[in-house]
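What follows is a pair of complexes built around chain A, which joins chain B in one and chain C in the other.
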Partner chain A sequence: MTTPIEIRSAPHVQSAKTVEMIMRHVVYSLLPICAFYVFQYGVSALASIIVVTGACLLTERFFVGTGTQAGRLSDYSAVITGLLLALTLPPGFPLWMGAVAGIVAIALGKALFGGIGFNVFNPALVGRAFVQAAFPTAIATYTPSFLPGRFTEFIPSTLALPLMIPADPASWLKAKSLDALAGATPLAKWKFDGVLANADELLTSLSGHMAVGPSPLLILVCGAYLASRRFMDWRIPLAILGSAALTASLLYAFDAARYPNPFFMLFSGGLILGAVYMATDMATSPVTPKGMWVYGALIGLLTVVIRYYSGLPEGVMYAILIANAASPLIERITQPVPFGRGVLDRVKKRATYPLNPGYISREEANAVTPKKRFLPNKPKK
Partner chain B sequence: MKLVSYFRGEAFQRGVHPPSCKLTADRKIRRLPFPDRVTVPLSQHIGKTPRPIVRVGQEVVRGQPIARSDEWLSVPHHAPLSGVVEFIGLRPGMRGTWIESIVIRAHPGATQEDLWGRPRDLSQASGQDILQAIWDTGMVGLGGAAFPTHAKLSVPKQAKVHTLVVNGCECEPYLTCDHRVMVEHAADLIAGIRYAMRATGAVRAIIGVEDNKPDAVLVLRQAIADAAAAGVSEEIHVEAVPTKYPQGSEKMLIMALFGAEMPAGGLPIALGMVVSNVGTLAALGRLLPLGQGLTERVVTVTGPGVARPGDYRVILGTPLKFVLDYAGVPAVDAMDARQVILGGPMMGQAIGSLDVPITKGVSGVLVFRREDMLERESRQTYPCIKCGECVESCPMGLNPSTLGMLAAKREYDLMGEQYFLGDCFECGCCTYVCPSNIPLVQQFRVAKQILREKAA
Partner chain C sequence: MSAAAPQTWDEFMEGVWKQNPTFVMILGMCPTLAVTVSAINAISMGLSTALVLIASCGLVSMMRNVTPKEVRIAVYIVIIATFVTAVDYAIQAISLALYDALGAFIQLIVVNCIILGRAEAHAAKNPPWPAMVNAAGMGVGFTIGLLALGVVREILGAGTLFGISLFGVGFQPWVIMVLPPGGFFVLGAWLLFFSWLERRKLRRQSSATEVAHHV
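And then the complex of A and B:
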């Protein structure tokens, strides 16, 4: 009776996956994307990533310190917010504006709701939506990638003093004998000038001085890693891309001259980044599998509609924010059907034995013994 | 990888794959020595508690009935030892409360052979006679639920049973007692299956074995072939089902074998089936012809804190301290055993005292040391991040995420009415996978209890 054994409620074992582990792996998968982004835009992009992520972390630290928050600084969720936010901002975005975006993202997007798990909207997109409204010129000013000397020289707008209007990079670009159009995103070019970018430029963003964001191909690869280990749900990106492709193809089939081809729709702008990293934010997407399909389809549809019919060239951000707001509702109408409560006579063809025993025979003679499928046979140390 | 299993279409949807940790799968069943004293709790099974029919100071022989009840949903208990009844009164029980028990002190010189049982010939017995004989053995489900076997095998008048499903899944990690019984006592198992088929009127029996026990599948197929050669006419099949927790739940097993969803709230008998555990039937096959009572069972004693893990044949009522001493738990003396669990790690019951005896429903004794608990203890609990892991793992297709949030708000009625809390059979998958470390199934147990009390 004196042995100090403890009583707990079952289950007494737990899987190795923790919140920190999920978040850490999302950060790992974002690192190659960030590295490529820095390779494209040089030191300005690096500074932007560091400042935005730093602002997010400091804000998170402040709010965690107040003791009103769930979670803690080491859960990596603020790092994800910071990296994603930095990737959605133009590379020459003034650093002080980036810091504002980071602070708003955590303060208004996350801390206001109570911290990790409670936020209704994706914090990174809240930050971006704020600066899009506050600094419309700066956020629409893209500079071309692969500029000569990008690792030694900041894009002039990056270093604007706090609360100062950044210098227009047009004159700076002119000095490098590039026209200002080179600084427009493929989506803006299509929307305002009717120029379509080529497929390979969009996919790898390796060619020429096109101003495109992080490479969609790289994002898809990193997303596949996350999905394969289920740090992210594969249904949401699939639903978004599928529904966007479907909507765009229908419109393309309807009037090929007016609407761009579906491929351009999928791989331009932030759709891939949004589908793989933004929309799959766990706290703001539905928890039910059916709901994930609905949610993804809604985002894909809204993105195409906003891109085609609104004054903005890009619609992913608002599409995701709207779907975030709708996700509790989606969840409510897509509750899973419990075992044994669905269609009653749902008998699968795969079944080994018929329910009615009238016509089975002994098949031990040709039965196959399966291979031993033990899982690691070691208790946790 | 949920993505893969989604397309491969496994036996039942969802579920989890905990590391199997079957340390004792290749070790023979050994007999544990007889202790000096046994404690037989009167309430070891679901149903009415039998009354003692012995008095303090009375001498009993092994196998003699010491408690019985005339109620239908109840079984007698038999003396596990030849000795003297020393005490009848309250003793620590596995649920933490003290329960009415009979303590028997062993005669030092007794042979401890079961001399009470009278062999009998059941070859011409009717189903009713076999049920009566099963009742006489005091048999309950040895898989853990401890439901009286004669009640389980008796078919209501309006129902008809065509299939006996024999559950040899043993999906709980660590436990191997059913596995070893299938390998070592296949003939007993076949005999038990035949009795059960006659009792229920089933025309076929299907043994479902998880495919991480291929040796058991082979041994059973051989045993069936041997029996068929010896003139057994019953149809008995062995089927390997995918290894997945909780495959051993009868609903999941029926899903795996027949592809049929059991209607919610129904029993297998609605589909014309009766499900029974291999350990139970193997014990029946041995005890029925001998006319003996259930006085011992096979228990897996394992876990990282056990020096000599193994499957032991333990007489009922043996105190845990005796079992653990014999199996070599240095932790008991060094005081660093942190947790002793009766049953498996997913659904087992942690106990608070080593004086608790082994009862009919105890399939395993699991010991975790202090260092095995450290990782879990250091885990931070986060709010639900709605990752959807629990929804993807719940074998019953519930939404544990939403249920958990409702439980935190004490919306128990809503949980029961709209989110089907009553379907939850507390397998623990949701808590196992939860990255936020939320005690989901624990909350559900509380909620179900409160709903039960409200309904009462």
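And then the complex of A and C:
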């Protein structure tokens, strides 16, 4: 009799999954990718990761300190933003520009909307889009991976003074007897020079001096871990890769000489990283299962279209940002049918609401509105 | 006379600070976002708008008793367009480079909502002197708004201020600041800054009255 009965509203079943726990595991899964990236590019990559993540954390700390946004510094979300942002930037990206990207990512991409869970766009991509527009030369300057002496020597553009133009790594590469073209990414080589990279170069990036981002296979493995632990929905990456592969193979079948093979489309550039880690951001992607397929398909299609038909070699970032903007609409048109509503009476004509075919107005459903009863006013004392 | 002076000053400061056209009323966004890529463009745009504003508000106010109500907008537009044409030719005569930089936005002062709004809301109901003082305040406020945007966008977008290099030859320009998105970002940042100032003032006032109540 002495134990009190606890009465409270739903949810009654609790899971051990909290935001902090999910975010922590995403960070764990990003660590091998970061380690491989550092192994690929040396100290410059390490400095870039540290500075960008540090800028994100300091900005987050400032905005959390003002008390105007949700979330805490310890929820690891700013760490994820910083790591992902660093992975999408070129390894020799000047550190001061990396800091600008990190500050913009958190301030513009997250804090302005109210903090964790309220952001409309993926913060890391907002930061990257800003520096892409502000410093178009620096962000397109890649250096080859696996250079000798990469662990003892910075790429010269890394250490540019704040607000100053970074040094062009072309002369630095020449001193290492590599031509400047060695620094171009596979996508840029394909777009501007018509050179297609081979599959083994793209997948492992251990051969030659290809300038490629973090290895796609490693990202897929880490993503599979996250999906298996249900920290991430498998539908979104699958939909993105499937739709990109479908679009690319249709075009390849149409004109094999003009368009590269679908395999190259999938494994070059940042498509895998974007599909696994950026498009799956919970706050900016739809929650309905059907909506996830639509969202992913949209990203895959837009990526291939931007890569083929625009002036830019890479289109993943803009594709994801556009789909982020569309995801509230996608959610509205893909609302699942509530349990208990049969197939026969699912849609009533005349009663459809343009954005949600399953909607039936109260009047159509012959619902009786209960009469409103007003309580008498409390007598004034 | 001595009693009238502070009232006139208040009238002037109304447009500069309390009802600043750019940061409080958010009017005239088209020139604000389009021509503020450099401080010199911003200040000349602001000054030409201010000139047109003062002159046309004065004339509208002088003619307020003879203007038929039904055609007042047409009358205002004709008055404003006259002064805009004069300013347009004057700028062309002073500096052709500046004229090219400002482009169509000088002619577009005709349809600037600040000027028509002032003519309709203030000049048409007040004698010439207060109307012109109010217009001058609005003009200065608009110039300050444009200058605030222009300075930030020029420093980051070109590394210069009024054409004078600030950081030496190695400066990396932020291309985005010269592009339209830069205008939106800088405007948003200034709006945030001013609303933060305003909130801080309110907070201090309320805490001060609270303390007074407790004492």
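Please note the rule applied: the second predicted complex is superposed on the first by the 329 of 381 C-alpha atoms of A that agree within 3 Å, B and C clash if a C-alpha of one lies under 4 Å from a C-alpha of the other, contacts with A are read in each partner's own complex, and residues count from 1 in each chain.
Note that in this section contacts are C-beta pairs under 8 Å (C-beta built on N, C-alpha and C of every residue); 3 or more make two chains touch, one makes a residue touch a chain.
Treat the numbers as computed from the prediction; the structure is a model and nothing was measured.
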Inset, instruction - Could you say whether A:136 touches chain B, chain C, both of them, or neither, answering first, second, both or neither? - result: second
Inset, instruction - Have a look and say if chain B or chain C is in touch with more residues of chain A. - result: B
Inset, instruction - Answer with first, second, both or neither: which of chain B and chain C does A:225 touch in the superposed model? - result: neither
Inset, instruction - Could you tell me if A:233 is touching chain B, chain C, both of them or neither one (first, second, both, neither)? - result: first
Legend entry - First (chain B), second (chain C), both or neither touched by A:335: first
Inset, instruction - Would you tell me the residues on chain A in contact with chain B in one complex that are also in contact with chain C in the other? - result: none
Inset, instruction - Would you pull the chain A residues touching chain C in the complex into a rising list? - result: 97, 108, 130, 133-136, 138, 160-161, 163-166
Inset, instruction - Would you mind writing out the residues of chain C in touch with chain A in their complex? - result: 159, 167, 170-172, 174-177, 179, 181, 185
Inset, instruction - Can you check the complex and tell me which residues of chain A touch chain B? - result: 1, 3-15, 17-22, 70-72, 75, 114-118, 227-230, 233-234, 282-283, 285-289, 292, 331, 335-342, 344, 346-357, 360, 362-364, 367, 369-381
Inset, instruction - Using the touch definition up top, name the residues of chain B that touch chain A in the complex. - result: 1-3, 9, 12, 16-23, 96, 162-163, 173, 203-204, 206, 211-212, 214, 217-218, 221, 224-225, 228, 235, 237-240, 243, 251, 255-266, 271-272, 303-304, 332, 335, 337-341, 343, 345-355, 366, 368, 371-373, 375-376, 379-380, 382-389, 391-392, 395-399, 401-402, 419-420, 423, 426, 428, 431-437, 439, 441-442, 445
